[in-house]
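For reference, the structure I am asking about is given below.
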Amino acid sequence: MFTRRYLPLWITTSLLVFLFAVGAFHFDGFGSLRVIINLFSDNAFLMITAIGMTLVIISGGIDLSVGSVIALSGVAVSVLISEYHWHPVWAFIVVLPLGTMFGMLMGLIIYNYRLQPFIVTLAGMFLARGLATTLSEQSLEIDHPFYDFVSDFGFQLSGGAWLDLSTMTFVVILLIVIMLMHFTSFGNNIYAIGGDEKSAQLMGVPVKRTTVTIYAVSSLLATVAGIIFTFYTFSGYALAAVGVELDAIAAVVIGGTLLTGGRGFVAGTVLGVLLMGVIQTYITFDGTLSSWWTKIVIGLLLFFFIVLQKLLNHTSTART
Amino acid sequence: MNTSEHVLSNGPEKPDVNSINQSAEDVVKTTTATESKLSIDGSSRYQAGTNSNIGRYLWPCCALVLLLVVNLFLDASFFSITYQDGRLYGSLIDILNRSAPVALLAIGMSLVIATGGIDLSVGAVMAIAGAACANLLLIPDISVATVIMVGLAVGILAGVINGSLVSYLGIQPIVATLLLMVAGRGVAQLINQGQIVTFQNDAFSFIGVGNWLGLPMPVWLVLSTLAVCQLLLRRTALGLFIESVGCNASASRYLGINDKSIKVFAYSVAGLCAGLAGMITTADIQGADANNAGLWLELDAILAVVIGGASLVGGRFSLLLSVIGALVIQTLATTIIISGLPAKFNLLIKALVILIVLLLQSEKFRNQCKQLVSINKKREV
Amino acid sequence: MTAVLELKNISKIYPGVKALEDVGLQLFSGEVHALLGENGAGKSTLVKVMTGAEIKSKGDIIFQKKTYNFSTPIEAQQVGISTVYQEVNLLPNLSVAQNLFLGHEPKRFGFIDHSLMVKKAKQLLTRFNLDIDVTVDLSSYSVAVQQLIAIARGIAMSAQVLILDEPTASLDADEVKVLFKVMNQLKSEGVAIVFITHFLDQVYQISDRITVLRNGKKVGEYITDKLPQPKLVEAMLGKELKELTGSHRAESSMTQKRENEKLLRMENVSSKGSIQQFDLDVSKGQAVGLAGLLGSGRTEVCKALFGIDRLNEGRITLAGLKLRLSQPSDAIHAGIALCPEDRKTDGIIGPLSIRENITLALQARLGWWRYLSKQKSQILADLYIEKLLIATPDADKPINQLSGGNQQKVILARWLAIEPSLLILDEPTRGIDIGAHAEILSLINSLRKGGMSLLVTSSELEELVAFASKVVVMRDRKKVKELSGHELTSQHVMTAIAEG
């Protein structure tokens, strides 16, 4: 039982280690701490988004709006900073709760009106993207001393690796969410709803509150990811992060979370993002492979993991 | 429930089953004789049914008419159509022409949604079909018929893959089609080698920009696809089987319907429509852009089906209503442009439309609305 | 002595249906109170109202002298009313310990204390003689163990009222003994237990008092020791036994001749995880009954015959031809039809009209190309609506708006339309109102007289014995006995089920 539960996780980990080893063998400088740390800092926003997505998928739902929420949060922050000359910190303080409310609203609609999560969050995706374009169609540059300060902040590690604030934020969020998932009732409730919503309700799980919170957390994390994204580009753009929701879903699945809900690990998702990152790095280092191979390989990986999930599920039902 | 008990308590009748065995096949055989008599009887019987059908057509049509009327107010010449150089011109023709790709996708999507599924990959399939055609057209002396056949075959192949993942591997539709949505664009880019492939071929371009009997070619393609599908689905039992599988796949299997092949069929039609739509857009710009061809059109197609009143859990479908849904979306976009609102509001308004349509589909929401109305009425009294 | 829980004049009205009407119930601490009634009598609804899973339309719930209006199961649980539902309502993806403590996990500094939870879980389960690994997923244990875990969960909530809805349905005799031991222990600790079951002998073993419901109304409240079993059955059914069973035994010798023509033969049929080495013969115009408890394999026999479950070994021949069944359409083409046990998920196609539901099977057999026109299917539908007395204004009504009995008749009509040589009926009268019940029974009889072979499973033995000329008894996925002729009485069947 234990091995079956963790099998997808083991496969992801071994694939990750294997690919990394192959990369390190083929290319100079691939197998360095710097590349590893860069995997984290380049993908911090995606990892944070994917953590939120993991919660949603474990609960049996899906959130297609995260990419748009990232863009919206970036645009909102840059409008407040560049056009209204707010201090970035104030902008963050205003934008974060607004992002959370966006998710709460979706959760409420999903629960109250018994609508499928994917279609409601699809509407949310349009809405957030629409709001972002309404705020500003052009890319808005952010020029603020605070941004320079934050992006210069970090720690020098050995081998030229640089631990920046986005990675640190990610680590803190990861730890908090792991605690939430495995050491609080909220976490248990998420797994319970993903297992069987009706039974969970009968067993006294506050389904409504939990559902709303899950989507709120997902949007909150996407908003945080949007803010981090502005530190990469020093700007906010309404058409940024198109398709990130798909990357996040892919990472969650590759990380071993069951798409039908009820099973999965936040840590697995991080491995999933890392695996996708390593593939990308490999293709960049290689130079002769074209970028579209990333999409194809990720598609194949997804296929492999989905079929694996099916097979594992099949054998487990056959046994009982 | 009460009626049944009532009927029973009235008389000692018991079902007379001996004569039941004189049965179905006989009935089917003998019907031809009595058909003429029965058709009168039948038509009166269907009154109730048709009433609810009118209800289904009412709202999407109202929305379309309302939007058109708004446009008339905004622009008095909106309905004017001129005839020039063997071709009709006018805003209405423009709407019909531009809505063609989404209308085609919506026809296929209606079937997939009717089986209780969803196809997120149609946009990517459009890109693949477009890329395949554009690259084939670079080969000198290739016949256009071959190119078109390949384009359609690509679509069908994609549909068969999606359908098999859903029915034979039992993967949820959103996820199964997500695979091709992610990988499909990569495949299209691979075919195009990352370039935007342009071509010069008047015969192929005719699909996108040509016109026949005054109407643009894409409009004819939508009309003929609609007609063919309608015939195929409603003059055979396929349409009924699709609805049956969508309502209850397990019970359909118990009935002897092969639910898996029905699903594969639905996804294949969706793929075929996507292939056709992809060729239209490629022919239109005389080039294949793997990144942007059909981008987000799957969402528009889903929206069109939802506006057409179909339920996302599967069941009844109407191809005509889905096409009307596609027209509503395109008219809405035109309205925004004509009204002078910046185009950036387009997305926002579309999002609000989806939300409203979704909420209206929810029984709880309708009840809440009714309660609100009744409270207001009481206050007035 | 005042009641710990009292229900007064409870009514529950669903759109179009009165599920409960002025039902009252008094529950004292330290008693086992059996709640009995036929399927659809309102037991489940009453339990749901009691525990907040459904909101009552009218009436009062008084718990320890205070009136409550539970709107969620949590509220009822928090004051001390817990429920173990008929189907195991636990979460297969969580560990046993998590299932036991979901919603009230032991915590330290605000965080779940996993080791304490495991320890407590182990303690709790020792009461049930269960020594299992509580950290693995619930789904790795059998249904019986899951049922005991569900009951343990109910007790863990330190409940004052414990409601057990059909807890013994999936337990074997030893497990039932363990359960009864625990129930007696709880009783002595002052817990009030509501016990719902279909096994009347268990009622007499464990309960102190009995409340009987019928058609959403309370028939009466009795002291178990003072109510003989026949009287109890009468109270539940609302009429005397003889009336229901009727008498056709005299005819059976007439049909005997025809029965010599063998139609179906199952030889040594096994299917992985469902049936083992099963043999069965059905003759032309013979009605064969399949009896056994839930999970004994009777439904699985039907499924194997209909091409739903794959065979591992053995052969099935129909009228001398060997059948290869890989999907239901194969069976249908061979002339076999099945009315499934779960009408809602496998039978009706809810939103489609009665006409479509009647003609679909015929259409599926004709294939997609040979389309039955609306007129033809209308004639067919009208014919069966008339013949089977299906209560509906017209054939265009969606089938999910009909009552259970009428839905069942539509499904029967669907199969009669393809003229099967063998009709399998899996629990044809479950959840059906009394009137339709009798009609379906007489329909079965006349079909049999008309020369159709029938294979019928039913948990209502009296009924089975009444129309079958042979009853096959199953236990633990095997055939244990075949009864026919003068041996065929419900008492014999019952003993065969119980003893094997």
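Per-chain residue numbering starts at 1, and chain names A, B and C are given in the order in which the chains are listed.
Throughout what follows, a contact is a pair of C-beta atoms (placed from the backbone, for glycine too) under 8 Å apart; a residue touches a chain by one contact, two chains touch by 3 or more.
Small disclaimer: the values here were computed from a predicted structure and weren't measured.
Taken as a graph of touching chains, this assembly is fully connected, with contact between every pair of chains.
A count of C-beta contacts for the chain pairs A-B and B-C puts B-C on top. Chain centres were defined as the mean of their Cα atoms; on that basis the chain farthest from chain A turns out to be C.
Rounded to whole angstrom, the centroid-to-centroid distance between chain A and chain C, based on C-alpha atoms, equals 45 Å. In this assembly, the C-alpha centroid of chain A lies 33 Å from the C-alpha centroid of chain B. With each centre defined as the average position of its C-alpha atoms, the distance from chain B to chain C rounds to 41 Å. Residues of chain A that touch chain B in their complex: 62, 109, 112-116, 118-120, 122-127, 129-131, 133-134, 137, 246, 249-250, 253, 259-260, 290-296, 298-300, 302-303, 306-307, 310.
On the chain B side of its complex with chain C, the touching residues are 1, 3-5, 7-9, 13-21, 23-25, 27-28, 31, 34-35, 38-39, 42, 45-46, 48-49, 235-238, 240-241, 243-244, 247-248, 250-258, 315-316. Listed in rising order, the residues of chain B touching chain A in the complex are 118, 169-172, 174-176, 178-187, 189-190, 193-194, 290, 299, 302, 306, 312-313, 342, 344-352, 354-355, 358-359, 361-362, 364-365.
Residues of chain A touching chain C in their complex: 1-2, 5, 179, 182-185, 188-189, 191-192, 194-196, 198-206, 262-263, 316, 318-320. Only residues 53, 72-74, 77, 83, 85, 89-94, 98, 102-103, 105, 110-112, 114, 136-137, 139-142, 153, 272-273 of chain C touch chain A when the two sit together in their complex.
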